[in-house]
Amino acid sequence: MIGRALAFGFAGLLAGCAPADDRPEIVVQRFFGECGAAYGESTDVAAADTECGILTTLINRFEAENPDIRVKVNVVAWPGYPQLAAQIAAGDPPDLVTMHQSVISDYAGAGLIEPVEPLLAAARIDPAAFTPAARAGVEKEGRLYAMPWDTIGRLWHINTALMAEAGLMRGGKPVLPNSPEELLAHARQFRERTSKPYLIQAQVSAPDFHVALLYTYLLAQDAVIFPDARHIRLDTPQARAIVTVLRQLNAEGLTTLNQDFPAATAAFIQGEGGIFPVGTWMLGPYDAEAARSNSPLHGNYAVAPFPRLWGEEASFVDGHAWIVPAARRSPAERAAMARFLGFLAKYNYDWSRTGQLPAFAQVVESPAFRALPHRADIAALARTGKQLPGYVERQSAVQGLIGEELEAAITGAKPVDTALKDAERRVNRLYAQMM
Amino acid sequence: MTAALRDRLAGYAFVGPFLLVYAAVLIVPLVMGIVISLHRADLFGRREWIGLDNYAQALGDPVLHQAFGNTVLLAVLIVPPLTVIALLLALALNRPGKFAAVLRGVFFSSLVLSVTIVTLIWRFILTPDAGLIAEGLEAAGRAPIPFLSDPDLVIPAIAVTTLWWSLGFPVMLILAGLQQVPGDIYEAAALDGAGRWTVLRRITLPAIRRTLLLVVMLQTAAQLQLFGQAQLLTGGGPGGASRTIVLYIFEVSFGRWELGYATAIAELLFGMIIALTLLQYWLVTRHEEPRA
Amino acid sequence: MSGLELIDVSKSYGATPVLERVSLSVLPREFIAFLGPSGSGKSTLLRIIAGLETADSGEVWLDGERIDTRSPGARGIAMVFQHYALYPHMTVRENMAFGLRNAGVARDEITRRIAQAADILEIAEQLDKKPGQMSGGQRQRVAIGRAIIKQPRLFLLDEPLSNLDAALRGRTRVELAQLRTRVDAALIMVTHDQAEAMTLADRIVILDDCCIQQVGTPAEVYARPANAFVARFVGSPPMAMLPATIAGEEAGRVCVRLAEGTVLATAVPAGELVAGTEVEVGLRPEHVRLAAPGEAGLAAQVELVERLGDRTFLYAKLEGGAEIIALEPGFGTVRPGDAVTLAIDAPCAHVFTASGAAHHPEPRA
Amino acid sequence: MKGARLHPLVVMALLLGAGVMLAPMVWTLLLSFKSNAALMADSGAAFSGPYTLENYAAILKGSLTLQWLANSLIVATGATVGVLVLSSLAGYGFARLEFPFRRTLFVIVLLGLAVPEQAVILPRHQLFAMLGLHNSYPGLILPSLTGSFGVFFMTQYFRAIPKELDEAALLDGASRFTLFWKVLLPLTFPAQATLGVFTFLAAWNDYWWPLISATTSDRFTLTVGLASAQMNYAQTSGLGFLMAQAVFASIPILVVYIAFQKQIVRAMAGTAVR
């Protein structure tokens, strides 16, 4: 009796519990957070807010409009690449995955993702419609390996109330520094007048934070960071100068310390510092916060691209894209995927409400986008944004390595040139060991 | 078919299913692991024989050295206090009555939570903005402490989290050990006029020596493999200050795709755990008579 | 041929022999006791019959069928274990039914047999209890009931009384004696307690040193032990063995000279016993008594006095160190350390040669 | 020693310790009953009302939490049943049956006690990929079934059962399997309960393996699912919901634990600590 029950149970387990369903299934894997509690059932894209909210709602809507397709959504912890690697190694990758454009070359180089031209064609998306920055982000060795979804850069998010208190407002606009010396001077003045830090920075568990600053100002000076696909050059006077300033900010307490991203994000909302150099993606949430009447940020929020401190105006940018891991798929599944990509492309404007720059030139030009708050201030990014050369692989791992060393340098745990030498050595070793 | 042959077949029929799974899911990967560690191998199937190069690389890898140091520090911060606290608790709770029963339940309870939940809870206890401790400090007019972002505090913070989580199992083991001690030796000791301290030192502790050894061995092996807490609480940060060996294995394998190197580190960890376990066993049992 | 037949059964554990070419015939409905010191192989022999151990060679036949090739359950044998081996998680009823169910006996037949057995053994009240809730004696009965109910052709009992206290042992002995009248089967009991064997068995099989030393009725093994081992082993207190030499013969009976010089005229036929042979003289306690005042006898020193109320055993040492045991009726007055003179009933003496072979007295005419 | 009165200072220390053990759980519970919006403004709000069930309602309504819960239950139950079946069979075989290489095989199994998960997990991931076992219940359950401890534990337990019982059953005409199934197995219930509870706990709490073997959200176990939800980048909202998930996810395991607490302690006293 018991034996039969057990045997039955096992058979049940092995068979799995899924009911028969012959609709094509697509597995969509994304980061951006889990917000099923707030948006689990919403299909009203226009009413949604935040990256998570908008994307969740978009997918809900796609499911509602396409009952003949089964959509499975994997929400993975940011950035989700270890999982993706595990999934590919497990031989069971998802069908469409959000990926940073800076990471695409790793996967493309190893043949782990497919070129997407056929899918784009099936979705009737003309690659010529992409903005140049977006297209550069997904094109490797002449092939398109993803549908670009946006361009993200870093901005100075500014608390204008505190800037005013510090005497750093002129004509309703924040006064931004034009040189490293000026930066330090502003910061000290700010500190003196407001007794709060000039900068809010995520310095903890956020290796890419400082790396983005470093890349930005190296690119601004046209420094060659990656002379070839297997080497990095970091132990340079330019890099030393940049890192030394960052270290100075820390040493003088001109920035918040010991904050991770959530803490820094919240600190800015609560008005604990003047400027938060963080991504375009916070534009939406902060703008919403500035609209709340009882917020410390109420009516006192502005953004600007990173100021020119060294060299010319520039910004290290990246972008999100939808990639397709290499796998065998049925024509029905491919058709479903194409339909999904086409659907997403249609809503690129809604995505840009998060603060990211749209990937489609037509959206960037559209009055609707232009009408969004602060977008005029950041449009310059589209012009000044730079990415690393397409041959650079393992950017995320490299950022991790550099980030660790930068953290040591900036907190004073290591001399600046030792840290940069170590970073260079570690990155080069990583490349040397790559297959 | 003779009876003896039938018995043999019966023997294999009974142990066979387990051995099959054991061989397929443990032995085969174990051997595969050793082979892979001798290759420059990536996660997606590319292999190139390089002999012991991965091991040589591991010995000279400063990140691994740091992870090794972190891991050992964690084990040192966790295992001895855990054993002592568990022993004290077990001694105090090894008695009949409702009070002890309820407290036993309380001290066992955290053991059933999964690592995700433990770290979820503790992250929001430790976080300097809005955490439980921060709330307490703020109420007392003090500045919040950034436990998870200070390189000197992060390891102790993970250790405390782990202590809180892991306490129940050793308490349970030691309680079980205490209940094995025959009551009459306590009576004999009482007749001999032994005081509490003497009884503890001369009778109770020697009697549960093997249990304590088991606790220390199991916990050492477990803490040397600490993974979830570090990954979920800090991701190994700040600056690698809380990266453990296993977290490094995870990063190297699934982050950097260097399967061969990751496997070599895993084999080194394997060797280290076996050596430590044997060493502990030898230290505790070398003076004992061989057991009948 | 009916009954149990063992033919040349041998068994060894590795290099250690346990049984060597043991042969034995047991009649139907006969009650046999295997008696021997521990390690004599008696339990092994029982287990070979049961099929719990496999003999290295030899054959076991029961009622004309060879059974040593069969599994234990298919031999028609039931066994009562030393520690009862009741299934602790089953009720008494389930315990008894288990074997029958395995044998595919019909359900109502099982019910009928259980009722019958419970009735006989007076355990009807206990049928729904579990063994853990019962006393040792009750468990013993259940164990017997579980065996009876199978209606076996052969009944094996492994030290059935060793687990009971003295009082219960007496009662259970009576029950075992009754048991044999109720079952239509031969019984074989393993015991190291000769009183049990003497009381219950029709024939006793005495085992030692991998071999059967003697098979016989209780009277035979007591009165005419086959060899020095049996002589020493059977009887309580045991037969005293005095070193001696053959002094000569008188009317065809041998005379022996004890170590301290006394010559005894026995009733043992001379046969091949020639003068000068080193032998041992065996004397049961009942053939040694305190000499009457003035009567000639052996000088001895009493070392231990065992008073059993109706009789008293004196453990004494002869000059030269040989140990002897005397029987004194009643409570007696001798105390340890006393020097006494012992009279010997020489015609009852047994003579054992160095090889252990026994020479018994001719019964008096 | 046993039953001696506790010193008041010891009682105080125990109560303090109990407070430390419970405080995080109470905090979690309180947070789970607060609306996310209230917590976003000030997490200290947890200590006062108003409380709400909205987070729990959200779990039941829209999230994958129920699916993860079901997966965890299936995986943990499968692992438990599997371990009990395999360990019982093997334990009986090693304890009672004679067959060639028995001792050698047993030693090989015991050596498994010393093999940490780390030594096999990466190659196992490769192996399962070749076999196409990932993202399936068998794939999640199988690694739990290699535990040598269960076999060792059951072997010891079977050895402690008097051999006479086997012999009685053999004489009662029981086959090896009947003997195992009807006579000996029922006697190992306390050991099964202990082994079962620990296997269940271990499988329920496993993180590493499901993290890399479950490739779609609907196959995630609770540990991985909740981790995927909590580790998201820059998540500052939804604290109450996260905590409600934590509470919700802990309920089944707490029930199991409370239900079996007595067996765990009693049976551990019996066999585990030899």
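General remarks:
We call the chains A, B, C and D, going by the order they appear; numbering starts again at 1 in every chain.
Here is the rule we go by: a residue touches a chain if its C-beta (ideal position, glycine included) is under 8 Å from a C-beta of that chain, and two chains touch if they have at least 3 such contacts.
Given the structure is predicted, the values throughout are model-derived calculations rather than measurements.
Path length between chain A and chain B in the chain contact graph, taken as the least number of steps between touching chains: 1. For chain C, the chain with the farthest CA centroid is A. Innermost chain of the displayed assembly, by C-alpha centre distance to the whole-protein C-alpha centre, is D. Our note on geometry: chain B versus chain D, Cα centroid distance of 16 Å, whole angstroms.
For the pair chain B and chain C, the distance between C-alpha centroids works out to 60 Å.
In terms of their C-alpha centroids, the spacing between chain A and chain D amounts to 38 Å. In terms of their C-alpha centroids, the spacing between chain C and chain D amounts to 57 Å. Of all residues in chain B, those that touch two or more other chains are 130, 250, 254.
Residue positions of chain D touching 2 or more other chains: 85, 126, 212, 227, 230-231. Residues of chain C in contact with at least two other chains: 71.
Chain contact summary for the complex, chain D toward chain B: residues 1-4, 6, 10, 14, 17-18, 20-25, 27-28, 31, 39, 42-44, 85-87, 89-90, 92-94, 97-100, 102, 105, 109, 112, 114-124, 126-127, 142-143, 145-146, 148, 151, 176, 180, 201, 204-205, 207-208, 212, 222-224, 226-227, 230-231, 239, 242-243, 246, 249-250, 253-254, 256-258, 261, 264-265, 268-269, 272-273. Within the complex formed with chain A, the residues of chain D that make contact are 36, 55, 58-59, 61-64, 74, 77-78, 81, 85, 125-126, 128-130, 132, 134-138, 141, 181, 211-213, 215-218, 227-238, 241.
The touching residues of chain A, when paired with chain D in their complex, are 3, 6, 9-10, 13-14, 16-17, 27, 31-38, 40-41, 52, 72-79, 83, 86-87, 89-94, 261-262, 265-266, 281-282. Remark: chain A residues 81-83, 85-86, 88-89, 110, 112, 203-205, 207, 257-260, 262-263, 266-267, 394, 396-397, 400, 404, 407-408, 411, 413, 426, 430, 433, 435 touch chain B in the complex. Residue ranges on chain B touching chain D, taken from their complex, read 7-15, 17-19, 21-22, 25-26, 28-30, 32-33, 36, 89, 92-96, 103-117, 120-125, 130-132, 135, 138, 164, 167, 172-173, 175-177, 179-180, 183, 186, 196, 199-200, 204, 210-211, 214, 221, 224-225, 227-228, 232, 246, 249-250, 253-254, 259, 262-263, 266-267, 269-270, 273-274, 277.
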